[in-house]
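See the structures that follow.
Two complexes, one shared chain (subunit A), two partners (subunit B, subunit C).
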Partner chain A sequence: MEDAHRFREEDMPRLLTVQDLVVEMPGRNIKILNGVSFSLDTGQTLGLVGESGCGKSMTCYAIGNMLPHGLAQTGGSVDLSSNATPSKAGKPKISMIFQDPTSSLNPVHTIGYYLESALHRHQGLKGSDARMEAMRLLERVGIDRVKSRLRSYPHQFSGGMNQRVMIAHALAAKPELLIADEPTTALDVTMQAQILHLLEELKAETGMALIIVSHDLGVIARLADEAAVMYCGKIVETAPVEDLLARPAHPYARALIDCMPSIDASDLEPPVPIPGSVPLLDCLPHGCYFHPRCSRASSQCTAQFPSSAIVGPAHQAACYHPVAA
Partner chain B sequence: MSTPILRTKDLSKAFGHKTSLFSRSHSFFASRSIDLDLAARERLGIVGESGSGKSTLGRLLLGLTPPTSGEIWFEGINHKDRTARDWLQFRIQTSLVQQNPLSALNPQMTVGKQVSEALLVHRIANRADAYKRVGAMFERVGLSATMMDRYPHQMSGGQRQRVVIARALILNPKLVVFDEAVSALDVSVQAQVVALLRELWQELNLAYVFITHDLRIVRHLVDRIAVMYLGRVVETGDIRSVYHWPRHPYTRALLASVPTMNPAVRNIVPPIKGELDVTKALHGCPFRSRCPFAIERCSSETPHLRPVGGQQVSCHRAEEFPQSITSPVAELREEIV
Partner chain C sequence: MGAFILSRLFRALVVLVSTVTVVFIVLRISGDAAQQMLPDTASPEALTAFRAKWGLDRSIFEQYLIYVSNALQGDFGTSYADGREVFVIVSERIPKTLLLTVSAFILSIALGIPAGILAAVRRESPVDKGVMAGAVLGYSVPNFLLGLVFVFVFAVWLRILPSSGSSTWSHMILPVATFALFNAAGIARFMRSTLIDVLGQPYISAARADGIPNWEIILFHALPNAAIPMITTLGFTAGGLLGGAVLIEPVFAWPGLGSGFVAATSSGDLAVVQAMILLFTAFMVTINLTVDVLYAVLNPKIRMQ
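Our next item is the complex of A and B:
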C-alpha cells in the first residue's frame, strides 16, 4: 500500500495538478480565484462545494481553458498529463457538462447532428459509423428508441433527457477527465437520482476522473472521493468526503453541513442558517474571508488569511481555530 | 378542528394539448378531482415532480386561473359567487410568493415603493403611514429600513426574497401560497429564509400552502403534506406520519431519491425509471407506467384516496410496503408479489 503510494508520487505524474491558480478581472483588481490548488488522479472523483460566487464554476472553466470574456488567468498553473496514453502526444481530453442542458444545446441542430459531429471531431468517425456510435452512446446513457431520437431537436426532449444527451456528447470525446458543473441542480429529484447513478456507472466503466461541482453536499457525498470546500475564490478545506462530513475542521464547512436540511426521519432539527451573507469580491474583509460570519473568529483572523494546515490524514484546512473533531 | 378557511371540492383543471397543428386537441388534467381543506393557521406542503400540477393547484386556490370544474370556498364564500367587491376582499386576504425574486420584482421601482403599493392601492394607509408600515415590515423580515430606497439589482438574492415575502405579508393576509419560494436560493440563504418563515408563522395569524419539489426543505415548514402525481393527490397526511412510513410507491420513490449526506450510501439503483409524461393520460392508476409494483388491477381500476396507517393513500397495494424505503426495489418486489 505504502509502496504503491510512493510509486505514484515519484514516477507517475498526476492527471491534473492545479497550483496557486489566480483568475482576475484585469484592471479592476477583483480576484475571482485567489490561489486555488488541488490535484486529481485517474479514476478519482473530486467534489467542489460552496455557495454561489465562491468560484466553483470558474475553477472548472479555468481547467478547461474556457474562461469567459473579460477574465484572465494571471497566476498559477493548470497541468494535465496523461497516464493512459503516454505514447500519444498532446494533453488528455476533458469533457464538460453544465447545469442547464437545454440552453447548452444548440436549438437548430438535431441530437444526431450534434453527436455525430462530435464523433467526427474526436474519433474521426463518419457516415453510418458515426451514426451507429451515436446510437450506442444514446443507448448507454439510457435513452430509448434511439433511431428516431437522432432526428429530434433539444426542445422535444425534457431537461433530464437533454442532460443525458450532454453526457453522451461528453463521452464521444473519450475523456480522461469529465467536469460536471451542477449537473443535476435543474432536475427533479427522481431524475437527479438517475443521472447520478449513470455518472457512477460511467465512471466505473471508463475509469475517467470526475470533478463534480455542486452546492448540495448530498450530491457530493454520493459521488466524490475527495471534497474541496470553496469560499470567495479560495479552497478552505480539502478532505476525503467521509472525513469532511464526519469531522469538518473549517467552521465554514461545519456551517454548510448544519444548514443542509436533513431527510432523516429521526433528525427533526430545522437547518441552522449561517449568519450574514457572502461578501462581494471587490470588498473582501481583511484576513480570513469568513471571519465576519464566524463564531470562532479572533483578532488573529482579521490580520492575515490563514495558510492551509494539515488536520488529519489527507485532510487540510485553512483556519486558525479549526473545529475539534 | 375549526372550520376550514379554504376548502375545495372535486377541483379539476384541464388544458388543451395538440400533438400536431391539425390534430384534434386532447385535454390533460393539471389538477384532477382535488378535495382539500385548510384550517386557519394550517401549513400545507404540496410536493411532486415538475409537471405534477403543483403550481396549477396553487393558482387555482388563489383564483388566478379558473377551474374547469369543481368548487373552491374561502372563508365560506364560493369563488363562483364572489362579486367584484368580494374578490377585492379576497385579494387583500391572500397573496402569492413566487420562485424567482428577481423576476417577481419591478427593476425600475425601489423595493420600498413596491412593498407599499398594496397599502396605497387598497387605500389602507396614506403615504406617510404606508412608509412607516413598510419600514416596520422590512425590519420584521430581517432587512434594515434603510434598504427601502434600493432597487432590486442592488440587493442579494436572499434580500430580494425577503422583499418579496415582505410584500406578500404587508396586508396581513390569512392565506399565502409559496410557490417554490426558496428553491432558487443558496443553501445557507435557504436556511435563513426557512428560519424566517418559521418565525413569521409563529407570530402571524397565517395559513399557508408551500409548493416545492424539495422534500428536504418542506419537512421543516409544514404540518401536513400532499404528494401530487399527474394532477392527482396520491398521498396526503400529517408530515411526520408520511415521512415516518410513506405508503404510496411514488412518495417512497421521491423520498428514496433524495441524496443523503451519508457517503456510505452509494451506488443505489434509482428507485424509479423514466419521468412524468403529461401527454400520457392512462386509464387506472396514473403512476402505473413507472411503478415497479403495478399489477393488473392498477390498469383496470383507478385507486382513490383511502385511509392507510395515519394518512390517505391512493394505491391498491398501500398496505403491503414495509416501513423502510431503502430496501432495493428488486428485493422488495419479490417479497410482496
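Our next item is the complex of A and C:
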C-alpha cells in the first residue's frame, strides 16, 4: 500500500497540476490570480474556499479554459494528464457545474436537446440511443417521470432540478474531473443537502476527481479531502480538510472558521465577523494582502508577501505568524 | 396557440376600428375640405354644393355611419380630386410601395443582421469598429437627406442611375438603397448589442466550458436567444416602412402610397387620405400580430403559457 502510494507520487503524473497560475486583465496591471499552485489526483476532492472576489471561480475558469472576455492567463501552467486511460490519446475531460443552474441552461432548448447533444458530442450517441442514455442520466440524478422531462424547458424546472440536470449533463462527458463552482449557493437548504449528497454518491461511483468551490466551509468540510483557502488571487493555506478545520494556521482561515455560525448548544459564542473587507485588486496592500484585517500583523507583514511554509503534515500556510495549533 | 392568435386577432380588430374612428373625426374637424379642394376664388354657392355633394354638410356622426357601412361593403368612396374610386386609386399604388419597401426590408436584413453578428463576434476589433462607425453614420443621416445625396451623386453627377420614376429596374436602385441603408444601420446596431448581451449570459459560458465549437455556440445557442428581442426591432423597422415611404417616395417621385398620401393630404382629398390611413393601420396591426406570433414561436416561455 505504502509502495503503491510512493509509486504514484514519484512516477505517475497527477491528474491536474496547476503551477504558478497568473490571470490578468491585459493592459491594466490587475492580477486576478497571482501565482496559484495546487495539484489533484484521480478520485480526490479539493475544496476552494474564500470570500467573494478572492479568485475561486476564476481558478476554475482558468482550468476549464473559459476565462471571461477581457481576461487572459499570462503566466504559469495548467496541466491535465490522464491516469485512468493512459492508452487513450487526448486530455482527460473536465465538466463544470455552476452557481445559478437556471441561467446556466439555455432557455430556448429543451432538457432533452441539452442532454442528447452533449451525449452526441462526448460519446457519439445518436437518436434513440442518446435519448435512452439521457433518460438514464436524469434518473441517476434523481429526476422522476424522465420521459416527459426531456420535452421540458429549464423555466419549467425548479433551481434544484436544474442543478440535477446540469449534473446529468456534466456526467454525459464521462469527466475525470468535475468542477463545481458554488453548486449549492443559489439553492434552498434542503435542496443543498440533496445536491451535496448526490455529488458524494457520484464521486464514489465514478471515481472522478472533484473541485468544489464554496464560501461555505460546511460544504467544503462535507465533500472535500483537501482544502485550499484563497485570498486576493493567492492560495494562503492548504491542508487536509479536517486538519484545516481543527488547526487552521493562517489567521484568515482561522477568521473564516470563527465567523461560521454554530447550532451546537454548547457553543454559545456568537460568530465573529472579519473586520474590514476584501481589498480591491487594483489597490492591494503592500506585503501580506491580509495584514490590514489581521490582529497578528507585524512590520514584517507589511514588507513582503510571506512564502508558503510547512506547518504540519501536508499542511502549508503563507504566514509569518501562523496561529499555533 | 389557437386561443392566443384569436385573442390577438380580436385586439387587432379593436385597434383598427378605433384608429379609423379617431382619424375620421380628426380629419373632419381639422379643416374644411371644400375650401382646401376648391380654388380661393370659389363662390360660397360652389363651396356649399361641394359639401352637399360629398355629404360634408351632415353631422360627423352621420358621415361616420355612412362611411363605415359603405367601407364594410368594400366601398371606400370616390376621390374628391378626380372622381375615381378610392379603392382603385389606392390599390394601383400598393404594388409599387410593396416592391420598394419589401425589397428594402429584405436588403436591410441581409445587410444589417450579418454585419451586427460579425461586429458582436469580433468585438473591439477593427471589423467591429468599422461596422459600428458605418452604422452610426447611416443611422444619424435622415433618410430623405441620404436620398437627396444619392440623387446628386449617382443621377446628377455620375449620371449612371435615373433619379425619379419607376419604369425600369434601375429606377429601384436609389430608393431601395436609401431605404435599406438607413434600416440596416439600425438593425446592425441592435443585432450587435443583443448578441453581445446574449454571449455574456451564463448559459453561453456553460456551453463554452463544455467544449462546443465557437461557430456552433453562436449559431445554435446564442442566435436563437438573440432572435427574440431582434423580432421586436424588426417589427418596428417593418412598421416604419410605410412612414419611410412617405418621406422617400416623393424624393424619387416613386408613384406609391407614400407620395400618393402626401399629395392627397395636401390637396384635402379626405376619402383617399382616410382609405390610406386605414391601409397603413391594417399594415401596422398585421406586423404587430406577426411579431406576437413569432415571439410565441421563438420563446418557449411564452409558448408554454
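Here is the rule we go by: the second predicted complex is superposed on the first by the 323 of 325 C-alpha atoms of A that agree within 3 Å, B and C clash if a C-alpha of one lies under 4 Å from a C-alpha of the other, contacts with A are read in each partner's own complex, and residues count from 1 in each chain.
In the analysis below, a contact is a pair of C-beta atoms (placed from the backbone, for glycine too) under 8 Å apart; a residue touches a chain by one contact, two chains touch by 3 or more.
Because the structure is a prediction, the values reported are computed rather than measured.
After superposition onto subunit A, partners subunit B and subunit C are found to sit side by side with no clash. Shared-chain residue A:190: touches subunit B; no touch with subunit C. In the superposition on chain A, contact is made by A:160 with subunit B only, not with subunit C.
More residues of subunit A lie in touch with B than with the remaining chain of the pair subunit B and subunit C. Across the overlaid complexes, the C-alpha centre of subunit A sees subunit B and subunit C at an angle of 70°, to the nearest 10. Contacts of A:302 after superposition: neither subunit B nor subunit C is touched.
By the document's definition of touching, neither partner reaches A:74: not subunit B, not subunit C. Closest CA pair between subunit B and subunit C after superposition: 6 Å apart.
Residues common to the contacts of subunit A with subunit B and with subunit C across the two structures: none. Residue ranges on subunit A touching subunit C, taken from their complex, read 61, 64, 66, 68-69, 94-96, 98, 100, 103-110, 118, 121, 153, 155-156, 166, 169, 173.
The touching residues of subunit A, when paired with subunit B in their complex, are 51-52, 158, 160-161, 188-194, 196-197, 200, 215-219, 221-223, 241-242, 245, 255-257, 259-265, 270-274, 277-278. Against subunit A, in their complex, subunit B makes its touches with residues 49-50, 156-159, 186-192, 194-195, 198, 213-217, 219-220, 243-244, 253-273, 275-276. Chain contact summary for the complex, subunit C toward subunit A: residues 123, 200-203, 205-212, 221, 224-225, 228, 298-301, 304.
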